[in-house]
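Each of the next two complexes has chain A plus one other chain: chain B in the first, chain C in the second.
And now, the complex of A and B:
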């Protein structure tokens, strides 16, 4: 009972760890008040408000970053040991905020004149971002679960937000049922790990788990627990065989939300997996690496093969997102199979870089779909893109950049992302896995380049452009920013990697 | 007779199994949602058991947090089911198939 009475006083560092999610939450509450005021008449003002707020929070990350970089010692744990205040978390906060800003800007354009243009939509994006930020900083399985649900529940609602469209309803429902199922599996896994180790924070877990031996019942709890946690996150990051929901949800959800799922949810899932395998399951690396090897190979192959036969661009990008989860799992395999913490860092850098590039190229590709969706009916079928190079040359060039980058053509960001991931795997002697990954990249090039072929080579039968709709300034900014990031990340990968390395100098 | 942790853990595993079977076998959306709740509560029972028998309170606190989260999930879930029912007049997952399931 002694421990109960000793309530620690919150220090500045404790609060710094949760500053970002807290500010996002306050912004969402303030937006709710504003929404009851002007939301009925001018819902896009709420979008503008949340956009401005998030840009300020992004600028505040810079302060946190400088502040953290100047700290020394083990001030990593804050908020009663629930959260890490470290540069790894801040790096992912940059990523989530950038993605959320681009998605909000895209949404303001996308929702214009639609019947589900409501203030809550933008506020749910804020809350989901707060959840992602908590996940990336989590130092305790409790925080992992709370962050995961804070992220997922608003996204279930967002996927179903186009209430009059049965496809969107269906997407929301499928995401909710399979996401809830995955969360329940994850929670049971966490409960078993708690039983095995007697604690839920990562550092105690790794110490306790390393001590367990074969005949002990708690060893059995640990193995089943880790397996269930991996399955739970397999659902979230869309790894095969837990991918069934991905194509339907991506196709049915409003396009900006699909972009957010591809960029944000996946990055958050991998941030937790990286942390969990670097800290919590530290002693058990070698036993799980074959499982992740198989997951990676399956995920890449199934994702790419099914993407080949799709005619709907959103559905194709959904399968491509499964395939990219597979490439990232190659990095995960490298991380898990490495013997020392130092060795595990290099695949971690590669995955962080890849997640950044992947977010921008996906956001850009989905922004192109949003533009076409505004100007023509649809914009979702690949056939809608025929002859785009003549009608909208600039848009076609941008789309080509995103497609080339997704396919991994040098000198764009996507190429270096894959290069670093596969190089790490070669260093760890995972030759067969790298062979499968490279073959998959070849298959993938086919369906990405098909979009470029349709845009540049195919003549359109009839004009279906709806007159009188201008491309908004916001959506153009989103397109240009994403393309600039994809090109910059490819031209000067070293500078970005240096930033990531600096992030890591004080990671431990 | 002293009731040890194994009774609770077996009960929890059985509840989890029933919930999982429900999700995979039943076709009514509401029943699937209830089965998911059953799985979450099975995990809660494990958490409380481990917490009670190891004397560490964090598991009990975690179970409370899980209950709150489960309530949020059900609220959003029912809202989505209502908006689907308005459009399609059904709660049968086999008939919710505009895109292939």
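And now, the complex of A and C:
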């Protein structure tokens, strides 16, 4: 009996590693209690409560960050080696929390007076964020999978939350079915890896991959398992050909949730992919990177070409989100094709920076849709934006900033994001891929700038806008914060990259 | 000699159980009447439990029968009864075209898989990792030591599922009041 039950000794670092998801979970539980008390009459208060809590947790990240930066070495061994406590995870926690805060603020404004404005909505956002945080810290495929499900299940429900809108129901059901399918594929991949390597933790996997060679059946099963894991995450990050759900789900889901899917879910998916390819699947065998090369090229091209013909702004942003997954996959290709771990860090920074910029651009653009949705019917069609510059000059300027940044116009964050990604790919001699990526950026500029054109040049056909409606402090804060981040990240990209670099310097 | 006989018996058992699982799964997706699908799904799940038992995962086999073949299937049948779905409508024309397009891909995948299986069966002397023991004692020990964290996170996941279900289901009564 003695050898069987070894009670794990939890160190301070173990708790620090799971502090963020734990606090988010506790916040959700406290919110649940509060919800049963005042939720029926004042559901927005639950939103305010979770907003305040998340701001505190974000501030706490700073503490964790400073604490972790002063420690060196690998501090992820606790909890049976299932979770990392490192700066990579903390960086993504910042990102997820910032996104969740902005989404919650947007939601309070968006849900006002709607029949699905209920406390649970905000709590589900909290639990989804906890899941993302666990994914970014995971050091074992079991943890990755459970984090993924903790993130996905709340988002399925949130996508379906507007039940009076058939499109929202469709979005929820589609996302649930395809997400479940993707999870099953991912789990099958994990099972194959477990069967071949005898464990699911990243260290054992990389050791086995380094030890085994091709004629060995175990190696073969591991490669198949990795392919299935990549497919599973391909669904989550919306890579072509696993993108079919994206347009319908993005269009049907309530706008703040769409923003959360674009910012949070995608970042979480890429965090796991980066981590897995840096630690678990690393090694010389990675000649299979051609698969990711093809995925990247396909994803960019299909996303951009289909975005060209969209008239609905949310649908257009959905295809644009596919295209941006393609640019990020260029970074993945660079990472996978690098020979040493040191070399792989450079595309990693580029992707981390890009994910941050991308999140703020999207959150901002979707916040504009929320504002217009409050003021007029819809606000989702691109035609709704005609003449916006005259009626709401400030809103039009902000929207133009987000669109220019998404298109990658120089002084803004979106440009530098792409620049660093493509530069890394050039260094790794992926010339053809970079060529495809640059051509795609040119195509993309067309549909982003079309929105700007409609806002500034096109006269409104019918008077649908009612100028002078109060937008609300919260949503304005979201807009200004997102725009400020996009501009700031563009003005001082080097300083930001330095910060990201710092997150890796003392790492391992 | 005796070891060989054991191997033969084991192989015969495996192919019987696996064959039942595959065949019943085919009936599940082929049947027009969802109740028939549900019943065959029970057969499939029990057959899979048999495979677990043969792999020395006795606890998992029992859980498979209790939870999946038992509880989950009862839920399926309950819901079928409640919403009264009847028989599946035959597919629309576009779906039929899709089926025609999908058929060659299905055949191609089958050919690839069979070829691979043929190649794989030729490989000998693979050192597979030792399978862990599947007794409830071992699983319980693992759950509360090495896998403590995922075990705890699962409770958050289940809570999320409950909140999500309540959030989606409770709206109706609000409209009535």
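The definition used in the following text is that the second predicted complex is superposed on the first by the 498 of 508 C-alpha atoms of A that agree within 3 Å, B and C clash if a C-alpha of one lies under 4 Å from a C-alpha of the other, contacts with A are read in each partner's own complex, and residues count from 1 in each chain.
Quick note on the criterion: contacts are C-beta pairs under 8 Å (C-beta built on N, C-alpha and C of every residue); 3 or more make two chains touch, one makes a residue touch a chain.
The model shown is predicted, which means the values in this text are computed figures rather than measured ones.
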Have a look at where A:153 lands relative to chain B and chain C in the superposition and call it first, second, both or neither. both
Go through the superposed model and pick first if A:218 touches only chain B, second if only chain C, both, or neither. second
When the two structures are overlaid on chain A, which partner does A:188 contact: first (chain B), second (chain C), both, or neither? first
On the A-aligned overlay, A:477 touches which partner chain: chain B = first, chain C = second, or both, or neither? neither
In the superposed arrangement, which partner chain does A:44 touch: chain B (first), chain C (second), both, or neither? neither
Once the structures are superposed on A, label A:118 by its partner contacts, choosing first (chain B), second (chain C), both or neither. second
Check whether A:163 is in contact with chain B, with chain C, with both or with neither, and answer first, second, both or neither. both
Which partner chains sit in contact with A:173 here, chain B, chain C, both or neither? Use first/second/both/neither. first
Quick check for you: in the superposed arrangement, does A:458 touch first (chain B), second (chain C), both or neither? neither
Chain A contact set shared between chain B and chain C covers 4, 142, 146, 149, 153, 156-157, 160, 163, 172, 195, 198-199
Chain A touches which residues of chain C in the complex? 120, 123, 126-130, 137-138, 141, 144-150, 153-154, 156-157, 159-161, 163-168, 171, 174-175
Can you check the complex and tell me which residues of chain A touch chain C? 4-8, 18, 21, 25, 28-29, 32, 79-80, 82-83, 115-116, 118, 120-121, 123-124, 127-128, 130-131, 134, 142-143, 146-147, 149-150, 153-154, 156-157, 160-161, 163, 172, 195-199, 215-218, 220
Mind pulling up the chain A residues that touch chain B in the complex? 4, 142, 145-146, 149, 153, 156-157, 160, 163-167, 169-174, 176-177, 180-181, 183-185, 187-188, 190-192, 194-195, 198-200, 244, 247-248, 251-252
Which residues of chain B touch chain A in their complex? 9, 12, 16, 19, 23, 29, 32-33, 36, 39-40, 42-44, 46-47, 49-51, 54, 56-59, 61-62, 65-66, 69, 72-73, 76-77, 79-81, 83-84, 86-88, 93, 96-101
